[in-house]
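Note sheet for the following structure.
As written, the chains take the letters A, B and C, and residue 1 is the first residue of each chain.
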């Protein structure tokens, strides 16, 4: 398609202008607002006890969610790709469900199931608190991040086929050996990419988590909840900006990892 | 080029399991090679079929040879996976649905058709539709510039497209509020208006269309475009008659995913939206409010309605994309 | 797989970071502003932790009272976990199982809910101040310079005036805000119809936004919505002090706000929580609260701060309207109360 220089330039200007207004300017403003009072203000604001424990809680949730998602995600992907059973299509659909569900709806659904008046309310009354506790926040995070590992590992499994695995088992390797020696190395980049996406989403989840958290600063407040509660409950706009900038920094690292990993994955 | 990258470039994600996954960033623009240096691929040579072929082969292979986690193919393994998915995903949604109909069908209907509930659903759909349309146009444009244009800093721009996926939504909200909120440094105050909602949702849905159009545009057969041009077709005609039809399915799927995401979005609108009933209150906010004022049944009912809208969108998307795919196969 | 993959090392890093962080900050600080709270625990002293659930705006008060309490003999080494939010929402959370030791709500029915749930002793309000450690009055916050000239309740009904007040189904503040003009117009409930007519006009034509809590209402107003905000006097003083371009006008006839507090009888730290509750009534705490903008209940302290808290011409109280039990069942009860019905009609 021949495009005149003028058209090409104006299209470029429109596209870059759009990205500039939509992404660059707002982010620039918040960085400016954050660092305008000086770096020490920023550091002080993100190292209050509440901020530190919010970061800890966010990391704790990630540390619980990621291994669970890896184990069950890989298992699900293998079952979906290699398995032949009735209802496989249904299982496929279930894996996609979390993408279609609003985070708020996830929160409401979890309350209806695990809350004191829900189906599993007996657990709550017996003293094992799910809603308004860390288990609820973990469940919410697992719900929203469930598809990532599955959907990143699945195509790789398709692609590598089963020849090598079959060869290994012909040579006498048992199922686990085959998995550790053949399958896992083959899917490692897809898996890692899935993990990065999971980490990003788990750190950033807000809507589902706010519905099931008791909101104690220092106990059940993740970084995203901290941003919100500083802005609304504490009337502490600067603190909210600072915490948001911290999250943004983490997001940038994630973005970098995504870009690097993606190249690695396609270089394979 | 490995089969895997082929698959990525196949535009619409292979098979019909095209989930609303954030489309992957395409590696090509970042790896330094000029996209237009890519040799044009013969039409229909494999890429979209790769995934399907793999899928068919995967499930068609002889089983029971003890390869891989063999157990996962046996009932026990499948059972564990099913149980897991049920506890995490299905049971909560089942509990939600039952709660929605707790007061019978009439109770569900009353809750969903309460004027503020309807207004919230309407605002959600309206704003999401606007956002989807803007995305369809500007997202395609951005993708085009990123693939067919050359300028300094293109790799950086390409990487930045994914930022909204990596950025927590509440950060998006506060970032936009810092710019478009009260005491706006540029004098534009959009908070508590529908435009504020539109901007917030445009921010979070930016990558969908760009990332689904980009790979197709890279794959697109430029010889045909050049042939059209040599036959005297103007740039616009070539775009309309040649390029657009090729990109159509990708634009559609990206737009659909953006729409589905916008429908359920909460974090990015919570601070900038204003939460004004019948004006800027979106369905997610309405649902949260119902929980806060202790009307769980209404919250569950509207949740189910919202879910239904999202499913419908994805279902239509799936039908359209599989139909296009089938047509492509026939044509090939 | 012999060499460690990035995946596993990333995992390990995350796990290690989290563990390290957690141990370093075990029992970490309770709140942004009470930075000193964490230090006692780090010293290894035996501590007890009080879970405090409160309505949205008294954080400013607790931020000064808690450190003072921790300096007393009874409060030495006591940690606080504080949760703030819409009064009704907070109360429901506690009733639904959120673990609390001490609660402070905007309105009495939110405590009554916990009494009914068997969580709070029915005699919680048996002390000299009926379980009310502090209070306030309902006031109108306007933009700086009062451009719309809002001085009294009738001014809110002028055409085009937009009023911000939270949702009475979740917020306690909203109930006080509506009771104030209701009592003024109905002459303390004597002329119910006149009171309801005012509320109806206000809610139908002037209230557009429905924030969930008093604090969110303030935030909404500060972000530019509306011409007037109905709020607690202490909240108005707080935002004025933090430099926002607003001022407040207390109508000549308004309503006395009484914010109850109670200890949960099943609390694991019953003794400490009770000590904290009692501490709130000491002259020392009362003074701190008064400085933070809350009207003290201790008569001597009240005298001292008389100039800071001018007495309106007429101050109706909840007792004048027959007490919360009556008010709640006739005005606010979902689907039956008169104000609840007005709200439902206007907003559903």
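Things to note:
Throughout what follows, a contact is a pair of C-beta atoms (placed from the backbone, for glycine too) under 8 Å apart; a residue touches a chain by one contact, two chains touch by 3 or more.
If you want to know which protein each chain is, UniProt gives these names: A = Sulfate ABC transporter permease subunit CysW; B = Sulfate transport system permease protein CysT; C = Putative sulfate ABC transporter, sulfate-binding protein SubI.
None of the values given here were measured: they were computed from a predicted structure.
At the centre of the protein atoms shown, by the Cα-centroid criterion, sits A.
At the far end from chain B, in terms of centres built from Cα atoms, lies C. Interface comparison, B-C versus A-C: the higher count of C-beta contacts falls to A-C. Computed from the mean C-alpha positions, the centre of chain A lies at a distance of 16 Å from the centre of chain B. The distance from the centre of chain B to the centre of chain C, with each centre set as the mean of the Cα atoms, comes to 41 Å. Centre-to-centre separation of chain A and chain C, using mean CA positions: 34 Å.
Residue positions of chain A with contacts to 2 or more other chains are 117, 231. With touch defined as above, chain C holds no residue shared between interfaces to two or more other chains. Chain contacts: chain B has no residue touching two or more partner chains.
Listing the residues of chain C that touch chain A in their complex gives 1, 5-7, 10-11, 14-15, 17-19, 21-22, 25, 28-33, 35, 37-38, 51, 56, 59, 81-85, 93, 96-99, 215-216, 218-219, 238-239, 242.
Those residues of chain B that touch chain A in the shared complex are 2-5, 7-8, 14, 17, 19-22, 24-25, 27, 30-31, 51, 54-55, 57-59, 61, 63, 65-73, 75, 77-78, 80-82, 84-85, 88-96, 98-99, 138, 141-142, 144-146, 148-149, 151, 157, 159-171, 174-176, 178-180, 185-186, 199, 202-203, 206, 222, 225-226, 228-229, 235, 238-239, 242-243, 260, 263-267, 270-271, 283-285, 287-288, 291, 296, 299-300, 303, 306-307, 310-311, 314. Within the complex formed with chain C, the chain A residues making contact are 48-53, 55-56, 59-60, 62-63, 66-67, 70, 115-117, 124-125, 129, 131-132, 180-181, 184-185, 188, 191-192, 195, 199, 214-219, 229-236, 239, 261. If you check the complex, the residues on chain C that touch chain B are 86, 88-89, 92, 167, 169-170, 208-212, 220, 222-225, 334, 347-348. Of all residues in chain A, those touching chain B in their complex are 1-4, 7-8, 11-12, 14-16, 18-19, 22-27, 29-30, 33, 72, 75-76, 78-79, 81-85, 87, 91-92, 94-114, 117-119, 139, 142-143, 146-148, 151, 155-159, 161-162, 165-166, 168-169, 174-176, 178-179, 182-183, 197, 200, 203-207, 211, 223-224, 227-228, 231, 240-241, 244, 247-248, 251-252, 254-255, 258-259, 262-263, 265-266, 268.
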